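In structure tokens below, several structures.
Here come two complexes built around chain A, the first alongside chain B, the second alongside chain C.
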Partner chain A sequence: MTDAQIEPTEVRVAGSDVLVEARDLVKEFPVRGGVFGRTLAKVHAVSGVNFTLKRGETLGLVGESGCGKSTTGRLLLHLIAPTAGQVFFEGHDLTTLSRKELRKLRQRFQIVFQDPYSSLNPRMTTGNAIAEPLRVHKGLSTADANARVQELLQLVGLSPEHANRFPHEFSGGQRQRIGVARALALDPDMLVLDEPVSALDVSIQAGIVNLFRDLQERLGLSYVFIAHDLSVVKHISDRVAVMYLGEIVEIADRDDLYARPSHPYTQALLSAIPLPDPKRERSRSRIVLSGDVPSPIDPPTGCRFHTRCWWRQELEAGGQDTSICVDEHPDLVDRGNGHPVACHFAEVNAQVV
Partner chain B sequence: MPTDDRVLLSVRDLHTTFKTDDGDVKAVDGVSFDVHRGEVFAIVGESGSGKSVTSMSILGLLPPDTADIQAEGILWKGENLLEGSAGRLREVRGKEIAMIFQDPLSALNPVHTVGKQIGEMMRIHEGASRKQAKARAIELLKLVGIPQADRRVDMHPHEFSGGMRQRVMIAMAIACNPDLLIADEPTTALDVTVQAQVLEVLLSIKDEIDSAIMLITHDLGVVAGLADRVMVMYAGRAVELGTADEVFYETRHPYTLGLLASLPRLDDSGREKLIPIKGSPPSLLRRPSGCSFHPRCPFARVPGICNETEPPLHLVGGMAHVSACHFAEDMKNVGVAELREEETLA
Partner chain C sequence: MSLGDPQAAGSMVTGPGEPVGGGMDLGAVRPLRKDVWRRFRRNRMAMIGLVFLVFLVIVAVFAPLIAPYSITQRVPLFREGPSRDHLFGTDIIGRDLFSRVVYGARVSLKIGILASVLSLAIGILLGSTAGFFGGKLDTLIMRITDIFLAIPYIVLAIAIAAIFGKSENTIILVIGLTGWLSITRIVRASFLSLTQQEYVEAAIALGYSRTRIMFRHILPNALQPIIVYGTISVGGVILTEAALSFLGVGPQDPTPAWGLMVAQGKGDLVNASHLLFFPAAAIVLTVLSFVFIGDGLRDALDPKLK
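Showing the complex of A and B:
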């Protein structure tokens, strides 16, 4: 069964191992201007995204700036309301819940941001920052909250005495650990990790990736790991979805996606990543895309990737008619590649890594 | 002093110190290297390793009231730039040595057209007329792969995307056919597919105008794809220097090896455990005794040596492969695989 075809009844069954489902998620942001602030245009940030997240699983959401991956993350947590579509958390449709119900459910899904320096209050000690959700949601006493803070600090690899320090006294990697401890305070089932290691030096980044893996094993967490770096994603994800201009263009199990990338965009993305290996770099052929990502205000017709698609250019040069790419939107379905791909001419290309 | 005519730039024992209220920060602490004609020389390191300060010191771009630059010499084609007048440095800068910065939006002037900014180089350094400058600007924009260059030349920086802006920066840098291009994290702010485009432009330009490139980056992947020789910096010092193949395949410094082992690679299966380097980089106000890397080094098992004596760079192989590790020779049999294995056992 593919992600695009999940039957609606399936997720509503209690005890099902699907934790979250995004169904036909759409988010459009208005572009306002003029004297009266009229809506002049719409930014099509997310356009019809479908996927499921199972318990204990990590879904990697990959793409370049402006592809809608972070917006998708925020929609999952209902931090912003979708223009259309639904998000189900254990079968509850987040878009129809009352604020009170939503607030209660929110304890179970949390987010970790890219830059822990701007997401932590500089005037609050680490201990208070981590205890805040405990007091707000659980009404814990100071003593109980403190005990839990100590426990959480140890869980993320910091020491209990760090509770009395302020964010500026920590290094980037330690600050990210504090962000994780805070997200874990309420014992959530799912974490949305939004570029959690992108701002860190590589030698520190590895420690944080290991921490996420370790926490998942110990606490059975589910992750949505949002990143632009396909090599980091490979080291943490069970499944990977590749996004381009607000749409998922390919989704598959980790091993399948990296061994059998089938969308021309996924292939270009993989081939563009430099390997720390001079000999292989010298012999590697790279797919270099022409032009820039088109504006999400006015996305291209048909397949949104067709304006930059190297594969379409090659097919055309070979005399094939590719007008379908311009005219018809390709659905995200299995086209005989073993996993869903949104390309009319999808073909496996394993040479790109 | 070397008189090798392959040597374009020779930096000898560079010390750059910043005066702060908390004390002196030795951002660069005794770095020496040569850049040869036509080569790509990469300086690799993490935040705070001193790689950018090194390039800024060479070009005299640091504020003189806070930054103190001392060196035996910064020799540009044999001429010591430290002893030259400010006017001479200004002549070299932009014309013979040009720089490409990480963030083109803050390096470009938002109120002037890109054509004017590119042309300015020729007007100042070569006394070109306005008309000549514009014609050459269009030519350069074409060279770096900007479509519709004759129309784009009259646009302002905000009308360009990130990748296009970086191309404009490159066009500006090569306006006077410099002998050396210093590229400081030229693709760090860009998406990976755009990075591939820009790196391709950079390499083709290098051949076109026959210049050398000094590439400053934290990305070992970019280094592997581009560099002929590599210098690895840690806490303001060079810890390993050699050809790209030597540094990647015959690594002789634990820090370089640590960087390689912590990197998630696209050609891994994804199941490997990544090995972080323990701890965090030292404060440059209070540098550790002996080898600066010893508190984080998985091999520093010899008390009285690693933590007491500062290891000098010494020849460890090849023609000029040097490492600043007391036990560099012992690293012959240690690679990323062995490091991972050891970690798994522990």
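Showing the complex of A and C:
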């Protein structure tokens, strides 16, 4: 599980180009119960996640709900402390910084939340919400802060007079733009976008996604884009990591992943994206996974996906011995498919694309 | 900050038009404030309570102009019923009861408001600390609260009165130091749920200090139950003051405390019932108006009601 050898070339070559690195990130939440609040069990939310994020790059993080992608996002920002592992932001290990140092460094990385209704303080006007970080960190005067607020509102496609309004006076899409403006107030280098369009109307989604792309171009931002919608991720990401039960099972450049998916789980996810062309849509094979996601309290042995793996079932039907799936955890390494995959029997399946 | 907000909460007692948000967003709070006032005005009982309270404040402020006699001035008429000279009659040693009830408004409002503010301050500080930080600090504070809850407050009151002597200030201290328990629990519960809100997480991500997050982001959203409880508790405090005075722990004789007057009048309930009736009526009306205002605020501060 100590995948220090993962993408070693990238880490070495990238050098100063790497903005964020997650190293062996583990997060376990205790399940407490009983009279004395003993720890009865642990939820294995994130189990040994490794990746790097370069400047100006967008990494898509996809997976079913409960796979640990949001937890990973929060670990990156140190909104929750990891059980094990480290997060490096420009070489600073967030886990060892003092509270004061961390608060200062927080200016550099921000988050945009899924729910635009609960992510804004209902008792604060838009203007105050956006101006507050400027006053706290930059010590701006009210006039200077206000000028910057006007700028930011325009940057995210709102009008300056919106500054005096309260969150409940806006629509979901507008609120999400306010959340973005607040996150951008301190000129961060990285944004974690935690399912930023999932709660929005489909007609609004495209506008927000395009706003993110536009902002990236203008401000050189790096994104970690968390989503369960693969078509949205495809639209915005440079690289994509697929997560299942707290682990990355496949990570690749966007085009590579979508053209040559090698993990059976990735293949199942991709086959579920509806195609706009009805002819192709009808002729294509769709992989339907059976069963529920196993409980992260007691994840399956070996490969965590083996209980639902359609590929393993097919191989077994073909008479192949697949006991390795149950016994041995597959490392996330390149198995001759051009990018790292955590599957003992990884094989490109372009049929599903 | 920690003291500023409870006071802001306390000032809500005298005027629901006061700012709710506190701090620098005063001007911006306006639309919210207008909404609150609009909803409050629709509640008739709350408006009656408010009118009576305003009347009471005027009486308290202008007591020397309204009262025909001083609180200690004696006339050779004992236990006389209401008359033109003595609207509420005279008491057992010949003092004008009307004047004493009028001056009593000062005592009761002062004790009611100051004791409420004191217990609100303690309750908000402890409750927000427990709810925000959680863990061992939470356990510690809640166990202390439990211990205080287990001590009968009358016993505590008598103990404190024995140490500090019997006076208005003592009773403020006594009630303030016993009244914070339920406020602590209310504030803690609000903080526990509000801390899970994403805007609080956003505030952490923006690198705000914990004090700022507690008092700028969580407290303003937890204020509704606090304001409502605080308002109603003023009425409760006046009742407690009456009960303690009745027991002889409260302010002592020349002080025109309503509860004390009731206590002194109880012996003549049959032949001079006005001695008990007027101060008791003052207590009931005052307490009721605070309760009505509190109820009205509960509805007015709920943003879901349009």
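Note that the second predicted complex is superposed on the first by the 336 of 353 C-alpha atoms of A that agree within 3 Å, B and C clash if a C-alpha of one lies under 4 Å from a C-alpha of the other, contacts with A are read in each partner's own complex, and residues count from 1 in each chain.
By our rule, contacts are C-beta pairs under 8 Å (C-beta built on N, C-alpha and C of every residue); 3 or more make two chains touch, one makes a residue touch a chain.
Small disclaimer: the values here were computed from a predicted structure and weren't measured.
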First, second, both or neither for A:95, with chain B first and chain C second: neither
Comparison of chain B and chain C by chain A residues contacted: B
First, second, both or neither for A:164, with chain B first and chain C second: second
Which of chain B and chain C A:204 touches, first, second, both or neither: first
Partner chain in contact with A:313 - chain B first, chain C second, else both or neither: neither
Partner chain in contact with A:83 - chain B first, chain C second, else both or neither: neither
A:186 touches, of chain B and chain C: first, second, both or neither? second
Contact residues of chain A, present in both the chain B and the chain C interface: none
Residue ranges of chain C in contact with chain A within the complex: 20-21, 24-25, 28-29, 31-32, 197-199, 201-209, 212, 216-217, 220-221, 303
Residue ranges of chain A in contact with chain C within the complex: 77, 79, 102-107, 109-111, 113-115, 118-125, 127-128, 132-133, 136-137, 164, 166, 168, 179, 182, 186
Chain B residues within the chain A interface of the complex: 46-47, 147, 161, 163-164, 191-197, 200, 218-225, 227, 244-245, 248-249, 258-270, 272-277, 280-281
Touching residues (chain side chain A, partner chain B) in the complex: 64-65, 171, 173-174, 201-207, 209-210, 228-232, 234-237, 254-255, 258, 268-281, 286, 288-293, 353
